[in-house]
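The same chain A turns up in both complexes below, where it pairs with chain B and then with chain C.
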Partner chain A sequence: MAYTVSFDWTSSIGEVVLGATKSEGGTRKISYRIGGGSTLPFLESLPSSPAPLIAFEVCDNPVFWSPIIRNYCGDLVNDVTGWAKTADSAYGADMVRLYLTSTRLRDFSDIPSVKKTVEAVLSATALPLIIEGSNEPKIDSEVFQACGEAGQGERLLLGTAEAGRYRSIAAAALAYNHSVLAQSPIDINLAKQLNILLREIGVQRDHIIIDPYTGALGYGFEYSYSAMERIRFSALKGDTDLAMPMICSAADSLTIKEVRDAEPALQDEIAVGWELFTGIAAATAGAEIICVRHPKTIPLLKAAFADMKKNPLSAMGVQ
Partner chain B sequence: MTDVELARKNGEEHLKSKISAIQKTISYEETAYHLPISYALTGIAVHEPKTAAEVYAKTGNNPLVASECLLAETTAASGKESEPYTGFISDTVIRKLGYSLVDGSILGLALVIGKPESAGSAAAICRELQEKYMLTFLAGEVVPVLSNAGVKLGLDYRLIPLGSTPTYGIHFVDIIARVAMMFGGVTPGDTHRLLTYAAERAKAIVIVFPGLTEEEIAFADGMRVLGFPILSLGGYEGGSWIPALVETVVSRGMEEKGIRVNVTAIPIPMGCSPAFEGKSIRKEEMYVEFGGGRSPAFELLRMRQPGEIEDGKVTVIGPEIESLKEGSANPLGIIIEVAGKTMKKDYEPVLERRIHNFVNYGEGSWHVAQRDLIWVRLSKEAVAKGVRIEHIGKLLASKFRMDFPQLLDAVAVTLITDNAKVLEAKKEAEKVYDERDARIKGMRDNDVSTYYSCTLCQTFAPNHVCVITPERTALCGAISWLDGKIAFEMSPAGANQPIEKGAVINAQNGEFEGVNRFVKKASHGEIERCSLYGVMEYPMTCCGCFEAIALMLPEVNGIMVVNREFKGVTPSGMSFSTLAGTIGGGAQTPGFAGISKNYVLSEKFLQGEGGIERLVWMPSQLKEELKVRLEKRLLEAGHTGLFDKIADETTATTIEDLTVFLERVQHPALTMKPLV
Partner chain C sequence: MALKALDIYKLLPKKNCKECGDPTCLTFAMKLAGGKADVDLCPYLSEEAKSVLGASTRPPIRLVKVGVGVRSFKVGEEFVLYRHDKTFYHPPGIVFRVKDTQPEDEIVAVTRRVRDETFTRVGSDLRFNGIAIENASRSPETFARAVATVEKVEAHLPPVLISRDPAALKAALVHCGGYRPLLHAATAQNFRELCALAKQHGCPLVIQATTLEGLVQLVKDCTAEGVQDLVLDPAPESLGAFVSRSTAIRQLAITRSVPELGYPVYLDTAANGQEDAALVLGITKYASVIVTSPPAPGPSKAALTLRQNIYTDPQKPIQMNPGLYRVGTPDKDAPVLMTVNFSLTFFTLQGYLESTRVPCFMLIVDTEGLSVLTAVAAGKLSEMLVRDSIKKFAVENEVSHRKLIIPGYASPLSGRIEDATGWKVLVGPRDAAEIGEFLHQEWKN
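So, the complex of A and B:
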């Protein structure tokens, strides 16, 4: 049976460039141009359309990280530069997402250390970087200023902007030409509103990536899926305020009961499974970047994406 | 006294002759924007006399361009001035400054130039600018005057000494030009966008002390093109400079430019949070009370012109708390005066309703009802902690400013506790209430061309779009047309958007081209048509929040209404909750509409189905609730006796009973045009 996948869409997803190579004014070994899709994910007729990117998440203070990952990665978690390097050399990630968890300590004030960490990670890995700044409005201004400055020329993706606090991130993005990760709580209208707020402050559309917020599979992911699907539909129907690439992080997968309470011998396997299937579902819903925390999830996701790309319709169960 | 107009003309002539005399190279260091003002205005990189003359001519002999070229020539020839003067500021520093502006840690920019008569007045102005999160640039004799008086200068103190003469103030403009190009997406040479950016986005004011030369006056006056208010502290007359006093110049300038300081803490000796809203103060806990039928009391919110009121001012007229007897009832008048550039008279009643919430936010204050029916109590505990009547005023003034930052620039509160004065002011207030009632009552859908949407519920009802008109509030009953209008003003990207209703498609059903267009877009293409006044064809979608449901009963050729509180089964054979489950979730269900209870009283109710005479059944409790107003409405429409012909669960619980009842009372719906 002939199956049309064009659905009469009138528009396509905007493109965002992440990372800058030497010739582009940065020091990354590669830069990515993501977005650009003109139909639903994995239905593109061009086999050359890229598979979602996989970002590996690291942090500079592992106290705030899942014990599963701390056990699996061992001492590496105490050395953020080594960890970021391994993400590239051994784990095979496409990007590194650095969480500056050190800033979450009570009364954190060592702003110069933020800049040093970002610089150190930038020299440890040549992959494009996503940087998650502070979680505390009081220090946002200084932290994002430091991140933005340290990464000048590298076209970072800075997160996480929310409707209530986006000014510092927007300022850092504007001042140093980075992109903004804009998160809304599983709600298409709030996603659009935040994009409009960012635009009003001066951030261009090709510098915004939508984070619709990702619940773990079985723990609210169906809401994320539905919000993402509607964001993508609206974009393809011509709503330019929603026509941005999306990013999903499967991080919640590591804290759910089934993973937490798993038998120690099986824990890694279950955690990886949960991340993998949350990641596949998010990619199916339209995410251009999937973030994971377990190194073993990366090759499995890659293989799954390659398969889905090869024969998209059968991968989705369509004959 | 210097005549600004005359001086400006002479100054511009001097500048003109000086421009043609430029011989040397002109440049600044550490910038990618050449001579930033010239570059932003024309896109031309000025580096030598010929291009300088070209840009000057191209900009219509702009005094800012002239001053920039001349200063750049001086700087290139003799280098920067020595400390503490900064001279031209590098791009790297501008990036940081621009960051703070976008980020909101700096609210705006100020330039202070000229020679202050006393160090004290200059220091006071600078201190106020610092306190109000303004980044201040200084040029001319104000710098030595301040530093001799021991005022610390530098970026860390947000007081930046640009140079030794007022001419160095041109750096203030080149900074803004670069911020516009770096952060505002202004392309060099796009004069229009630059001017728009400067006028609308750059929150900049200029404060001028006496003693400027003619050239400096030409330069300062040139900044008016950028939309910066020029505030003069004496010594000048004529022109468009705003005369101001040392004490008020900062607030005047900030007000002029719409720069607002956010209030964060309320200086009162009691907690203030929505957490306390539900807590009532019982008689035993009460120290004093006002109103509630025991003493005269009222509240009123009025709009004033900016400048007429002093922001944050609280006045108590009459005895304070210490002169009131414990346990007594006392007179009280709450008068709130507000001003703001976007404030409108129409908003008064909506804002006035917030007094209720705000007073209840206080840990020891309590408020019920509205207008001249209010009842306010202060608790013993609060009074023991030092709460006085004045603090209620402070609470109100602060909360209004905090919650409506876009709308209000100034809020002043007057609290009257003197009996005679309360009675006098109450008479005035009653007049205002009457005027308002007349205005709101007089407001018809046909009088406005804009309706408002509400898509707040799309979180759970993805394609639901409420269309709110003056005669049809949102189906939840919580948002009126005015509320929608205000919500849009306060949050232009929010859930309430204006809808241009456009051409009429069907006046009776209330179908409009513009509404259809909007609904289609906002429902993500799901809903093509929407009739505002109908139940049968293309009714509005339903989220799940409706106060009541109107639905057709084809057997009796009529429409019934059931409200959420009614637990029983209706003549339709279904209970409210079953019905709600059937029609909710953002769907459009012909024959069913979610409505607010008050909509039953609207002249538009059931207009599409031929009018309110279609109404055949309502629960008795809802009938009772609406009785007085509904009877009045029916009488006005000429339907005498119809109220008693509307059945309820005491007269009919099944469709058979209903048919019998309606035939017995000869309900008009029976003989109307068939519904289906």
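So, the complex of A and C:
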């Protein structure tokens, strides 16, 4: 006799396509179709449902980056194209997330350099890209326009849209067919509200990734974990305004006290431990893109996700 | 299926005699419905009512205690699949594994580590919970010797004895039979002998089967032998198998669809070679006893922190006592930073302030544990509260200046705070991570 585990789901997560191969009009070596889940994470009986993607975060001005990563990656951090290439060839990431930290310098105005950087990174790596633009409203419009244009045809994921500033990103995404990363401060209702705002100006549901914001482990991670579980739950119960794939970036992990103040010999190991535990836990709550900054976290996450995809519920006589 | 409070009330005597300790039968019924009271507290229930209520009001997952004394731990008695539905009550015991084939000094070192290691976070001491001794040698004598080695450390840690051989367990129980060890594991082959040992020593017993049907059958067999304190090991062959089986067990138990699955779950992280990943999944996905090789420092701290996070009650924000806190040894010219008494806000800001090495005061005001953003929105953070807090905690005696740094998200209040307090307000950053740069650039006396 088999036991029936019933959750009474009525709906599924919408799908979003990231990256475009040659036949899809881009130059990536692969594209990903994420979402589509119809039950809790890792309970899918469909072997085709993808494992969470691992995005490696790089930036074009390492002044804003953790010294732990600067030490570990060495000179690479000063060469964003080489760094992005290594993310693919040596680190084994599924995606590259480029932070245009150069735009965060005071009175930044060199917009042409933004376009050049994005183009250079696109030719350095064949992985699909996430681009993080400026965080200064005054230059948003020009920066996102430049990113969008440089990545035309590549189906980028552009970030980060927030309730107070989403128009520039949305405009660039709409003009060049990219997706939008929509961030809300750990609150299911605010996440929904932002998705509605984006929809109202024309961004389709299949072009939105939800970022419920990830607090570092020990610094509010439980709120993020529950926000993700609640978003997934609402989506499966039929709320189409929340039925988008989610992303988790625990970037704060590298600046919290436990990691920052660790004795030097242990610092890498503790940083990796923090990223690994956050990434796996977020995946069990429903995140489908996990961002990391330490290269050593990538193979560990990858192996874990591969094994978590093994042996679905159906294999044990449970329906 | 669970009964509603009113359905339960109909079965109660409605005398409001207070003998159960509750003021009325209705409040008692509400407690029963929430699994917070025992039917036996009511002396006037008919046998029939008792049997109806007993089955539906006892917690859907049995509470099981492992070990004795201060380091013992209780697991089970959980009610929900999602922590946001209520809370998770009993954090999993994380137990370090040693093998009886390891040298004695290694076994002693691991035991001491569990005994002594603590990690302090947000005012709590976090610790690992016990020692599992595995009968890798297959020899009862070697097993007993290893158990004796662990017990000689006098750590009083809850033991888990891993062997399917009744003779080996019997030999080991000579050394720790009185300490309520967890026995692992009863299977279809050995359950009679293991039940006899569990009964004789009053210990909890793990049963192991790879299917839910197999677990249910063993639960029936073992309870028929008289052992009630059971723990379920679904023996997952992959991380995915653990997530799916553990979730199925939790869901079938809390909905009372399969009451025989209403026991805590056991996870041995060694099964698939990814112990750290298994540890994460055990913590988030309903394991109650997790046996693992002693993790390296990074994963150790991450595991203890994750467990603390996941088992924090989401209904109660952790609060700090309002007051004036010092970072370093601030003098009369030191900056004063005001923020809310949500503990996460406090500890995050404190961490960044410590690293700026600028001695300062933190003025913590009582927003009932709300964060800055929500306290401003809900009107809990007001200029009156700030004014009263400055007075109450005698801030004017501590510093000679009258300048107050407020959180970026409280900027809508800046003018009103200036009017109410007479202090000059500086609006700080929204993100605590930027406080160091802010102080270095903006703080001038």
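Please note the rule applied: the second predicted complex is superposed on the first by the 304 of 319 C-alpha atoms of A that agree within 3 Å, B and C clash if a C-alpha of one lies under 4 Å from a C-alpha of the other, contacts with A are read in each partner's own complex, and residues count from 1 in each chain.
In this text, a contact is a pair of C-beta atoms (placed from the backbone, for glycine too) under 8 Å apart; a residue touches a chain by one contact, two chains touch by 3 or more.
What you are looking at is a predicted structure, and each value in this text was computed from that prediction instead of being measured.
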item	value
Chain B versus chain C as contact partner of A:S226, first or second or both or neither	both
Partner chain in contact with A:S249 - chain B first, chain C second, else both or neither	neither
Contacts of A:K309 with chain B and chain C, given as first, second, both or neither	second
Contact breadth on chain A, by residue count: chain C or chain B	C
Touching partner for A:T101 - first (chain B), second (chain C), both, neither	neither
First (chain B), second (chain C), both or neither touched by A:T125	neither
Which superposed partner A:L197 touches (first chain B, second chain C, both, neither)	first
Touching partner for A:V272 - first (chain B), second (chain C), both, neither	second
First (chain B), second (chain C), both or neither touched by A:L174	first
Residues of chain A at both interfaces, chain B in one complex, chain C in the other	226, 230, 233
Touching residues on chain B, where the partner in the complex is chain A	95-96, 98-105, 182-185, 455, 458-459, 462, 493-495, 524-525
Touching residues (chain side chain A, partner chain B) in the complex	140-141, 144-145, 148, 167-168, 170-172, 174-176, 187-189, 192-193, 196-197, 200-202, 204, 226, 230, 233-234, 237
Residue numbers on chain C that touch chain A, as the complex places them	82-84, 121-122, 210-213, 236-241, 243-245, 247-248, 251-252, 257-258, 272, 274, 276-277, 280-281, 283-285, 296-303, 305-306, 308-310, 312, 314, 344, 347-348, 351, 354-355, 373, 433
Partner chain C, residues of chain A touching it in the complex	1-5, 7, 40, 42-43, 185, 215, 217-223, 225-226, 229-230, 233, 252, 255-258, 260-261, 266, 269-274, 276-278, 280-281, 284-285, 300, 303-304, 307-313, 315-318
